[in-house]
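What follows is a pair of complexes built around chain A, which joins chain B in one and chain C in the other.
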Partner chain A sequence: MITKKLYVIGAFVFLLLLLIPLFFESTFVLHMYTLIFFYTALTAAWNIPAFGGQLSLGHASFFGIGAYAGAILYVKYGVSPWIGIAAAGAFAMLGGMVLSLPLIRLKGPFFTLASIAFAEVLRMIAIDWRSLTNGSVGINIPFKPALMNLTFQSGKPFYYISLTLAVVVVYLTYRIRYSALGFHLRAAASDDEAAKALGVNTSLAHFVALMWSSAITGVLGLFYVFYIYVLEPQTIFSLDLFSLQPALNGIIGGMGTVWGPVIGAVLMTPLGEFLRFYLGTIQQGLNYVVYGLVLVATVRFIPGGIVSLLAPMMKRKSAEKAAKPAIEKEAR
Partner chain B sequence: MDLYAQVLVSGLLLGGVYALISIGLNLIFGVVRIINFAHGEMVMLSMYLTFWLNYFFGLDPYLSALIVLPVMFAFGFLFQLFVVQPILSTSATMKIFTTVGISLLLQNLALIMWKGDFRSVQTSYSMSSIEVFEIIISVPRLVAFGAALASIIFLYCFLKYTYMGKALRAIVEDHSVARLMGVSVEKHYLFAFGLGTMFTALGGVLLVPFSSVFPTVGITYTLVAFVVVVLGGLGSMSGTFLAGLFIGVVESFGGTFVSPALKEAIYFAIFILVLLVRPQGLFGQGKGTEEVGLK
Partner chain C sequence: MSLLEVKQLTKRFGGLVAVNKMTFEINKGEIVGLIGPNGAGKTTVFNLISGIFPASEGNILLNGRELKRMPAHRRSLAGIGRTFQVVRPFEMTVLENVMVPALARNKSTKLARQKAEKVLEMMGLDQLSDSEPGNLTLAQRKRIEVARALATDPELLLLDEVLAGLNPTEVAENLPIIRQVRDSGVTIIFIEHLMDAMMSVSERVLVMDQGALISSGTPAEVTQDACVIKAYLGEEDPQC
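Presenting the complex of A and B:
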């Protein structure tokens, strides 16, 4: 019952979001929504390995690989970004394979560390390999508005593109979460040994999860770079923007849940932009101080994220409505 | 030939400092069993402290160790008391997030208070060097190596012969049994974190005469320390020392013959290779590795 209600609310919100560009002409509003959608998709993609308890702090690497793949193909070889999507996904997945090497034997902190190192290494390579990446100057996407070039006069098309991406990626994670893979991952997250004893190939599950996650993140990277026109290694591979931010959204919303990343991205993106504009201009770095505090406090006081606060409320409602106690699907 | 010897020596000297920083990490991880992602920020803080003591009071970097070390011991002690202790029973993910949060916090506080400039201390001996068999040895690097070696030997003896050292080793071995034997585990956690931070801080102090400090300097040292600890083996002091030297040499050769920009790529390759081939490290006995999935 409660789920039906949620679908209705979801459909309503979606319709509302479709209409927003028709009423708001302000580029700031559109940009903010576009960013929220991008981060929702990115956080949802980040969250796929997190179903299995794997915490990545290096998703900027996949994001950057995808962005570079698309931009290089388009600028140097004139390949339409729509075709570039396949390359962005494939190359990012290749990156995911490299990062999955330590996963064969490791979990926990060392995977996290390897993911940070991986993004750092890619940043170094992108700066160093000038003939391909144009070094630290980066690559500019020429402004030639056309659908084939994924370049548009107004911000509206990208509003819809990013909205579509967010919906598709969240739906994908939802499907993954309730597939065999999702259950394997959840088993691995709660007790790796026990899962193995029951015949779950947890290493394979972690691997497949990372493949999905990296490929999706690569595609998002491509769209992002065509949205902002510029690509430079320091920004695209930065720890703050595309590695820490999705992780932060995920943990604050609720890591390893389907809706946690959505809630996290919707709350944290405007907050992040606000902090960057107001605090960041007063004092460089102040916004990240706030972030650090929010992170430590969230982990201390609501370790399950905001979803864990909402879940009991929803459960209670559904229990009230049902005549007998419903067989509750666990909130996670 | 001369060039190779030269590169080897400077690598070894640098490796001594890496070993010192990593031993702090290894001690903290071995005893408290927490992976501290803010480890490099401890190096950063101690470097800044040394820098400011020199800037305002003209204190020699080596002398300032007398102030920096106790301060950083207290910092580690309080860090354990107020940040780590409350989350000890939570999942690994929560611990990672907490220390990552602290790392972000410290980095940006440093940025706010001291700006993003690269700062370095100029001393009379910063540029001085001695020549042995046509190999030029920088004096501050040699001092750093000597001090690192001495403090590692000191730590080794401390752990081996004193009551507290034995208690710490007992905790590393099995903290529940240690508790049953009457060791007050929580108190020793505080002490271990303080001590580990102090050794790390010494590494920071020794770096100041020949390298610059800036708010994000810690990331590199966190990475280096983890690679060294993994390579040398968790819980192995001598392993950490040798691995530190090794990484120093690798960095030195990589920087000279491949590309200075790619040294981190080389670390990363070694890191992954070791984890794949011998996850308990070259000298580790696999103690304390169950938390990170090595067993």
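Presenting the complex of A and C:
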């Protein structure tokens, strides 16, 4: 019953979102929504290793690799960004492999620290490898509107593209969570040793999760850079925009759940923009103070994230969900 | 050929020798009790066999195959199931808990679900499928622990104090499970402190003290063994 109701509400919200660009001409409104969708997708991708309890604070790495792969291929070699998607995903995944090599034995906080360092290293490489990346000047995407070029006159196409990305990525994470991989990750997060004793290769599960997450994040990076036209190492590999932000969204919304990232991104993106706009101008950094307070309050009072507040309802729902898709999938 | 061969198994933690040159064999279909005073190294032996940590010395062979360098999850896949003394359910429903080992062998969630349901029914837990283990009694959680290990389709099952901490009624309820598991063709080694239960279920008993195997035989034999009596009661006996 509740599941059905939620599906109806979900479909209704989705329809509304489809219609918004038809009624709002304001670029600010469209931009805000586009950002929310991007962050929803990014947070959902970030959340895949988090199913297994791995907290990454370095997703800017994959975001940046994907962005650079797409931009370099397009600007230097004239390769359409649509083809570049494959490269963005592949290179970002390669980055994920490099990061996971030392992590076969290191987990938990070590993974978190290594992920931060990894993004920093990539930022330095992007600044110094001038022949390829154009150094700290960065790369500009020339404004040649065409579908092939993933460049458009208005903000509307990107509104729909980012909405699609958000829906697809959230759906993917949903499928992953209720697959064998999802079970293995949740078991590993809960008790790594017990999971191993039951035959679960927890290291492999963490690795595969990171592969999915990095590849998806790379693709998102490509789309993002074609949305904002500018690519520079300081921004794309920045700790706060693409590493901390998805992590904060995820933690505040509910880490390791399917809907936590959605809730987190929907609430925190506008709040972040608002705070940056109003408080950032009063005193630089003041917006981060408020942000930090929100985070501390969340971790202190609702450690499971906002999703856990909806627990009685969501619990029944997730139990049904755990049961249903599997059966439906096989029935098909 | 014996199912499990343990040869000169030794585990040192720094200067402490937790397991000292243990050698024993377990035959297929046997139900063997492993007893000994607290701190004798019983659980350490289980951890070594299941690969939670590596042995310092010695060999462990399952069906003649050397396990020493095999990581824990591969040993599970090779046929060694175990439970933990302190129950360690995952934070998910009972059914999902039992689905985890099934999914380590077959990626289909549908088959895993069927398998888990079957095991839960056999263990009399089918009514609790959708509960969270955190809300259940210790006796129930111990059963889940066994159910989860059974869902690995083990050849050899290591049960670590599945009756400890239960009241007499619960012991009476959980005891038949051990026999039931054995009847399904699984070889069992179990650690237990409840002597009545131990004696009534096991065919053979291994006795450990201070990391070493001090006696083995039928329950009747070991209870007469002077070394065993000494280990438990501390009586003087020049032979031991």
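Note that the second predicted complex is superposed on the first by the 312 of 332 C-alpha atoms of A that agree within 3 Å, B and C clash if a C-alpha of one lies under 4 Å from a C-alpha of the other, contacts with A are read in each partner's own complex, and residues count from 1 in each chain.
Operating definition for what follows: a residue touches a chain if its C-beta (ideal position, glycine included) is under 8 Å from a C-beta of that chain, and two chains touch if they have at least 3 such contacts.
Owing to the predicted nature of the structure, the values given are computational and were not obtained by experimental measurement.
Peer 1: Which partner chains sit in contact with A:114 here, chain B, chain C, both or neither? Use first/second/both/neither.
Peer 2: A:114 contacts chain B only, not chain C.
Peer 1: Examine A:286 and indicate which partner it touches, taking first as chain B and second as chain C; both and neither are also allowed.
Peer 2: After superposition on chain A, A:286 lies in contact with chain B alone.
Peer 1: For A:79, decide between first (touching chain B), second (touching chain C), both and neither.
Peer 2: In the superposed model, A:79 contacts neither chain B nor chain C.
Peer 1: Per the contact definition in the header, classify A:125: touching chain B only (first), chain C only (second), both, or neither.
Peer 2: first
Peer 1: Touch test for A:180: chain B only (first), chain C only (second), both, or neither?
Peer 2: second
Peer 1: Applying the touch criterion given at the start, work out whether A:195 contacts chain B, chain C, both or neither, answering first, second, both or neither.
Peer 2: second
Peer 1: Of the partners chain B and chain C, which touch A:255 in the superposed model: first, second, both, neither?
Peer 2: It touches chain B, and chain C stays clear.
Peer 1: Which residues form the common part of the chain A surface touched by chain B and by chain C?
Peer 2: The answer is that chain A has no such residue.
Peer 1: Which residues, counting only chain A, touch chain C once they are in their complex?
Peer 2: 178-180, 183-184, 186-187, 190-191, 193-202, 319, 322-323, 326-327, 329-330
Peer 1: Using the touch rule from the top, collect the residues of chain C that touch chain A in their complex.
Peer 2: Against chain A, chain C makes touches at 50-52, 71-74, 76-77, 81-82, 84, 88, 90-93, 96, 99-101, 103-105, 107-110, 112-113, 130, 148-149, 151-152.
Peer 1: Can you list the residues on chain B that touch chain A in the complex?
Peer 2: Chain B residues touching chain A: 35, 37, 83, 86-87, 90-98, 100-109, 111-112, 116, 215, 219, 223, 226, 230, 259, 261-262, 264-265, 267-268, 271-272, 275-276, 279, 291-294.
Peer 1: List the residues on chain A that touch chain B in their complex, please.
Peer 2: So the residues of chain A touching chain B come out as 53, 55, 57, 101-102, 104-110, 112-114, 116-118, 120-121, 124-125, 127-128, 192, 239, 244, 247, 251, 255, 283-286, 288-289, 291-296, 298-300, 303.
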